[in-house]
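Several structures are given next for inspection.
First chain A sits with chain B, and in the next complex the same chain sits with chain C.
== the complex of A and B ==
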């Protein structure tokens, strides 16, 4: 089966006053239809930028893609015009972000925002008659149907009394409910791919669990393909089938979730998993990875993890390791493993 | 709390505002140094004549009594009398005020219609050519003195090109439309007299255009700034990510967010232009309140001064209330808060 999403050797730079930050340094990522892929890594490792490269929402300038390809269903995304991108986003993508408070427009009712999402995503690039043409029966009909669909979406995402609450404003909704509205907006056009950029980070723990449960049930009901970005391994363990670990602008390990937790290969992944607090560990028993996130303007040569790696070898300082198969569907970019394993 | 309640509360707030305003205008008129009666009566006036004048205008009574008289007069529609012309203040205001109001309103409309799109374009093409053009234009208009531009425009469009009349509200031979509001544009429309409407539109165009320039500049600047700020908001990225066209995001979702600051500046400008119209009125021989106000202040003619101050105060508070209402309509959080 052809890949739904294929990111190949993506390099992204940001031009800042301090110099050129090499934010992505050769990201490779593939997704098939129906995949639920978790993308984990610490702050600043480039996971959000990787995700934003698909709808091409990285601010450029200062951002600049210097190398690599992003293809979606065989189509090259990076060469599309801005107008084609609008149609592409509307018809194929759904995206939700971290903070449900700032991602909803405070001045418009849920109805206005949801109905527009439905209309523009279903239009797939066709012209949508403006709301001011509401005096025309055909437009009124169109909007009424879109509103029905919006209420249906609210029911699907678990918002009670959608037919009444649709007339309310975002500030009348709780954080968790707002995230559900955002999910409804993202799903309005039956997207092929849902990108969730840290969808639970700004929510408190019980609501986090609810939102994750909702995403899982949507995956089951609608057969959604999801790219879930998080820095929380627990979220990955509960919600994803496959996981890709990013470190400083590269994917360093990729594997099925179970395999990754049972048998982590890359030293960074091992460090991450060791750092997860265990409930039977005594006080003060938290284990971290020594060192700091590398500077992106002047990154370490070779493998960017080598200054923090206990198993670093001479070659790690000179050469960037390629992804190597280390098990069934399990790849790691590390010189510890022989190429032909 | 719903929108209607919010609006009613705003309207109710006008009462204490106006009471405060009347105290203020009254005190200012009594506290200014100088002897209005002495000035009015002239240098040769005897003490008896001055005394008679004081008694006539109620100035011999204690201040609280004077204030009560003044308040009672305000309610009765008796806003006092000019010391010089002996004309009642209120009818004078009714004569001159509409000309100024008409001039200012058209100026604010022009400034808004030009300034908001210029600001939006500026923000959309930030730091690119259209932005630079809009910013240089607004800098140009805010820097050049209005009276100079007024004369230049008068010379170009009025004399050299002959496109527009150079002064007054109407040609001498055209009778003004029957007074309903005193606004010629409105009155002629009421009479369905489109000829007079067009003539007075041509008369008002150049003076209000010149008057609008400074407002245009500040409206452009604030629209640009608040659009730029609103464009950085997370919801813009969200709306783009799910495929809402950029055009719709700008003109529907972002503009409304940016408009709250813009509305504030528009309403402030309305007040400033009204007070600042005097220069333009002088140059274009526009029979507005400006000249009347200047004459009254120069001669310490305190009752017209109080009348004008009170009128402007009322207008300012009305504009403020209108602005508050627009806030409430635009932003549900203000309405419910």
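== the complex of A and C ==
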């Protein structure tokens, strides 16, 4: 099957007063239709930037893509005009963000915001029969239809009494319910790919469990493809099929979920898994990763992880390791593994 | 082993004002009748979702907030109403470490000044003497000597938290209230800080009140855990007991919701409905509207008291009557 999303050797730089920050240094990522891919990494590793390069929402300047290709369903995204991008985003993409408070306008009711996004996506996306087909419905009729669709979306995302609550303002919704509203908005245009950027980070664990269950059920019901960005390995273990681990602007390991947790290959992945306080770790048994994430303006030469890596070798200081197959569908970028393995 | 801290029936109500003349129309019960004890040298975890009152309890202990009623005993002494002079002495014994390291450090002071300030206030140390102590503290928490003249913004989150820890340690406290010390940090850094806190506890005989919403971290750090729901304690027990045999339905749901990094883990996933709401019926169990367990008639009408359902295991739930039956839970 052809790839739905293909990111190849993506390099992204940000020009700052201190110098050029090399935020992404050759990201490779492929997603097929129906995939649920978790993109994991710590603060500043470039996971959000990778995701934002798909809807091309990175501010340019100061950002600049210096190398690489992003294709979606065979179409080259980076060469599209801004107008084409708007159509593309409306018809193929849905995004949800971390903070459900700042992403809703407190001055408008949920109805106005949700109906607007339904109308916008219909008008831009051209997937839903347009308003010029057949006869021309009045604006009032359009809005009424859009409102029906909005209530339907609220039901789909598990908001009870959608037909009443649609008249309420964001502050009348709890954090979990606001996140559901945002998911409803993202689904308004019937997207192929849902990009969820830390969707549960601001929520309590019980609400997090509800939202993750919702995303999983949407994947089943609608056949969504999901790119889930998170720093929480537990969230990935619960809701994804494949994982890509990022470190300082590169994907260092990629594998099916079970394989990654049972048999992590890259030293960084191992460190990350060991750093999570788990069931059977006794007092003093938790192992962190020494040091801290590298400076992106002046990153270490060679493998960017080598200053923190216990197994660093001479070659790690000089060369950037390429992704090597270390198992079935399991790739790691590390010199510890021979090329032909 | 002695009781370092004892909290009896602590209440903190915030007024809700409204109506004509902005009168007090109702109370927001942030902390509602909470009692627990903390043994010297141990770590007690206070766990709950946002809005459960865990930070308010921490602030009441330091008297950063005045409790509405109740009693706080520190080392046998009632500190609920002591005056400013004594309070200052008390604060050299009880310190707090905050959640957002960047916001709790003054951006216009250097690291040396930040860590040195409590030394000046509490011990009148200045000059070289203070400087030596600050450098010593910095080594203890894993900062380098050259960081002395730097400003907080030059540090990463983990390093900033280390500065906050050094500042708290400066006055040689016995009790430290840790308010979500690692929730703003990445996991690899979180592990470093948690290990540092454990080392310091062993080294200086510290007692911790560990406030957190992350059960995984609590399981790693704490000897005992108290679970809060809407300002009330619903369950207290030793850490192993809480995680092996949780009794309260809320605890069970919370533990099943921990995202464990193990895809093979098979467990019953309890997903509770709705969310934390202070608009619960004032009678009955506050958790009743979201509860997934068997419902008794008394759930909606009688507030379940916190009773010893097993040895050293306190639960506030009608499903778990006290060890010696015939107790208060039976009476109407």
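FYI, the second predicted complex is superposed on the first by the 326 of 341 C-alpha atoms of A that agree within 3 Å, B and C clash if a C-alpha of one lies under 4 Å from a C-alpha of the other, contacts with A are read in each partner's own complex, and residues count from 1 in each chain.
The rule is simple: a residue touches a chain if its C-beta (ideal position, glycine included) is under 8 Å from a C-beta of that chain, and two chains touch if they have at least 3 such contacts.
Every value quoted in this text rests on a predicted model; they were computed, and no experiment measured them.
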Following the overlay on chain A, give me a clash-or-fit verdict for chain B and chain C. fit
Quick check for you: in the superposed arrangement, does A:99 touch first (chain B), second (chain C), both or neither? first
With both complexes superposed on chain A, which partner does A:315 reach: first (chain B), second (chain C), both or neither? neither
Tell me the contact category for A:78 with respect to chain B and chain C: first, second, both or neither. neither
Quick one: is A:175 in contact with chain B, with chain C, with both, or with neither? Answer first, second, both or neither. second
Once the shared chain is lined up, is A:222 touching chain B (first), chain C (second), both, or neither of them? neither
After the superposition on A, what does A:186 contact: first (chain B), second (chain C), both or neither? first
Using the superposition described at the top, determine whether chain B or chain C touches more residues of chain A. C
Determine how wide the angle is at the CA centre of chain A between the CA centres of chain C and chain B, giving a multiple of 10 degrees. 80
CA minimum distance (chain B, chain C), superposed complexes, angstrom: 10
Can you list the residues on chain A that touch chain C in the complex? 42-43, 174-177, 204-210, 212-213, 231-238, 257-258, 261-262, 271-279, 281, 283-284, 286-290, 292-293
Of all residues in chain C, those that touch chain A in their complex: 49-50, 156-159, 186-192, 194-195, 198, 213, 215-217, 219-221, 243, 253-254, 256-265, 269, 271-272, 275-277
Quick check on the complex: what are the chain B residues that touch chain A? 233-235, 237-246, 248, 252-253, 256-257, 330-333, 336
For chain A, which residues are in contact with chain B within the complex? 55, 57, 82, 86-91, 93-97, 99, 102-108, 116-117, 120-121, 169, 171, 182, 185-186, 188-189, 195
